[in-house]
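Before I ask anything, let me first share the structure, which is written out below as structure tokens.
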């Protein structure tokens, strides 16, 4: 999916190649490009699954406005991957719902007391 | 624009439509049908629909759906869209971490 | 608190222009932008600009952006990148986020040049990965240099949809169709014609019924709409596609102006609020706050740059850096430039109007508006299309759009637009065309061709602009396509020209049977139906 | 009920006005609610931290808060037919220093004297209740029966239920005067000259009440305080106590949705300027963030998606004016809730409805009488 040449823009001037982790597997991309660009180049279209309908979402506005492309990056949920630069060693994960991240998976008593499931609506 | 708005006026019965399941607010996953029902429940403008359903209150703060919701509300009310105010603009313009907002530095 | 004479929010065409103008008058200026690179949309705009010389016509957007940035930085403007402005508070205070912290800034004047964002249309499946804004696709391919998809369907036939559609082709994507619920093409006819002759079908009065796919888009169903915007049963068509681009217009990004308490109004009900401001300098109802570019009303980048200049000059006068007389002189000059862009059938004041004739009284082609191309035989109705002996320009420019580089490009005076830059170009058949091709390369709408109706042996040549890879080689055989993209005949490339002054547009000259010279407008490598038996 | 006459007219469609309307419709009375802005709950009702607190209340107000928590809040969602996101998970008021603990002990003692179950707890117990507290917290006061709810939903739920019961809400209708007729407050005049008539008039219009009160010759000593709230993105479920601190530098909770809602101040609230709408100040949100992170460092990456500001009708003696006055029969005061009206909104609505209906009030409201304001010497 990467453009290697272009009739008007010519050959792209890329940053150095870096490796990052996506859902447990190793991937590579160019340093400083948006995380979303590296994923798109690798054919990854689904960035997250929503909370209510578990519906897949991907890049929608690509300028950091719509927040549809958010993922869990280095443990932080809701990171806008279309405007967040890729760096060596990043850990990028498909986000499920609000992302949970490290906070949600810890044994927080409030989470364990059924609060998470007794949502009325 | 503040217009006199009688909340008891008759909107007629809620008529289910084929596209009621269409997601309008992408962040909070609110459907067109929910928005239309909210109007029949007395939520006659964007502000109340937002507060009632959370549509436009998610991560993007309604920047994507605001326009769509506005037209749905206007149509359901049978009101000119010009009479449906847009949402209020509030800081921050983009989501910002508490740790960042907490750190004020003087640019010299 | 750090204080500047002028703070500009947004480093796009309007913002950088405002900053450069003000800095040139001696103001201390800072520009804030949330992106990692300045230029706003200019760096995504790889097409040549319309307008005339003073509007930087025929220069590509990214070159204009680079020039503006050089100018601003040369004048000492401080540009803060990766620095979103999180809010605008009382008395011209802003808070900006930079490097994991926030800082407060105050300015004596603020120019808000935050641009616009894309409108969205909801349809069944619009949340699937693969559905995206046309601007998103543009960002991916022209900035991130990644194809947004392989096969794309474009919803929206305004200039954004048409220009991005063409850029998708340039990036090597297939364009399945351009679809618009409106009954007529919304953007410039010349932009539509560029797509149509590449074989892209147009479906006006159609909209998307649904996007198909489980975890990402795999197909699209469209259908024809009736006068009440409902789908007509039995008109549904299916396309394989992995990407759907939505180009449904733009809305000004006015949130900072709202937060600052600027008075707003809504010129088109439902179209979104705009600041009440001087239509030229952008001076708003709040003292010291100006709006420039798309945030004050959607127009082209060319207009935004002039509005930015005017706002910068007005701020300079407000702060006493130039006199009222100097401001007036400056504004008079800018206003003339802006006025010429705000003419023609696509002018902001004419939005929503349907034109059936040009200013000169020529019929607007119905086929162009419904299919994206002039029907066979229609072109000769226009003053740019003449049948004469020898090589000559054929200018298929049939709407009043503000543009005149073709006139300036011709060293022989073959092309006349006149002083009103929205006039249709006319070919003067008595002036001696030398076939230099400058007009072909200069036309931002790629609507100029060179035709020699008789090169001997019953053949004619057609020279057309070409902006795709790989560039054909002299001697290559292929097919000539008509304006609708349908193959009409075999065609051999007899010349391929390039030049720094063509600015990356190649000029392909291909030979066709003489009777096809009024139809052949594009060349394709593949030999299909016309392969030798 | 004709278009402009009703048994009771309520001026102000906030949480309390809507609650009063609901209670009146339940009594079978006809009600017209007039709201100046275009929106239900446009003032403090949709601009507060959502606390349903008894602890920390003025002793005069505490009986109202306790009555509400005991009798009204637990069944409110059921009563109104929609979830108002009420959580009775207790209130933690946190301290980091001995001075803080001294303040907390004082508040605790006051509450205990009024019969409220509040106690001091040590850091370990506080952390058992909420494991996300920073190590700096050395103790807290704990009121297990406090909680929080979603103020926007509470307001809209009362509105919705009242509207269903036939209350006629008119937004965009600015009241300029209340006039007496035949010895009672009966006539309500709008800015467009329309005249509404009722047997009783209830004024619940926040700080703006004074502008209308002037028409009857009344004045309530209150001032507008700008208070700000910030909301984070949706976070995983963490803790559902209502939170506060000894220094009152912030308060807030995690909502059903998962977002955190925090209110707070910069210390300059009394001096903020007004550009016609409540605008947030540039220094308050950062100040609140620092305050919150001092107690909950786990929230440092939580992204703020929204901030807002609202005016509090801060009364000279910090408790509301609720009640009748002999001077103008038929007129009911309901203003100056001083930033803690939300938690008692169901009770206040009940009491205002009783007053308007001429009934004996369930709770004694004499402490809130209009004529309590006297010169200091």
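Order as written gives the chain letters A, B, C and D; numbering starts at 1 within each chain.
Everything below uses one rule, namely that contacts are C-beta pairs under 8 Å (C-beta built on N, C-alpha and C of every residue); 3 or more make two chains touch, one makes a residue touch a chain.
No experiment lies behind these values; they were computed from the predicted model shown.
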**Report entry** Between B-C and A-B, the pair with more C-beta contacts
**Finding:** B-C
Report task. By CA centroids, point me to the most central chain in this structure. Result -> B
Requested in this report: With chain centres taken as the means of their Cα atoms, state the distance from subunit A to subunit B in Å.
Outcome: 27
Query - Averaged-CA centre spacing for the pair subunit C and subunit B, given as whole angstrom - result: 32
Report summary line: So, in whole Å, the Cα centroid of subunit C is separated from that of subunit D by 53
Query raised in the report: From the C-alpha centre of subunit A to that of subunit D, how far is it in Å?
Result: 40
Report summary line: Expected list for subunit C, residues touching two or more other chains, is 34, 87, 95, 102, 104, 117, 127, 259
Report summary line: Contacts with two or more other chains occur in subunit B at residues 23, 26, 58-59, 63-64, 88, 90-92, 94-96, 99, 101, 103-104
Query raised in the report: For subunit A, what residues touch not just one other chain but two or more?
Result: 51, 55, 57, 60-61, 64-65, 68, 78
Query raised in the report: Which residues of subunit A touch subunit D in their complex?
Result: 51, 76, 78, 98-101, 103-104, 108-111, 115-116, 119-121
Report summary line: Counting only contacts in the complex, subunit A reaches subunit C at residues 1-3, 5-9, 12, 14, 32-34, 36-37, 40-41, 45-47, 55-65, 68, 82-83, 85
Requested in this report: Provide the residue numbers of subunit D that touch subunit A in the complex, in ascending order.
Outcome: 77, 83, 85, 128, 131-132, 233-240, 256, 258, 298, 301, 303
Query raised in the report: Hey, which residues of subunit C end up touching subunit D in the complex?
Result: 87, 89-90, 93, 95, 102, 104, 259, 261
Requested in this report: Please give the residue numbers of subunit B that touch subunit C in the complex, ascending.
Outcome: 19, 22-24, 26, 32, 63-65, 67-68, 70-71, 74, 80-82, 86, 88-94, 96, 99-101, 103-108
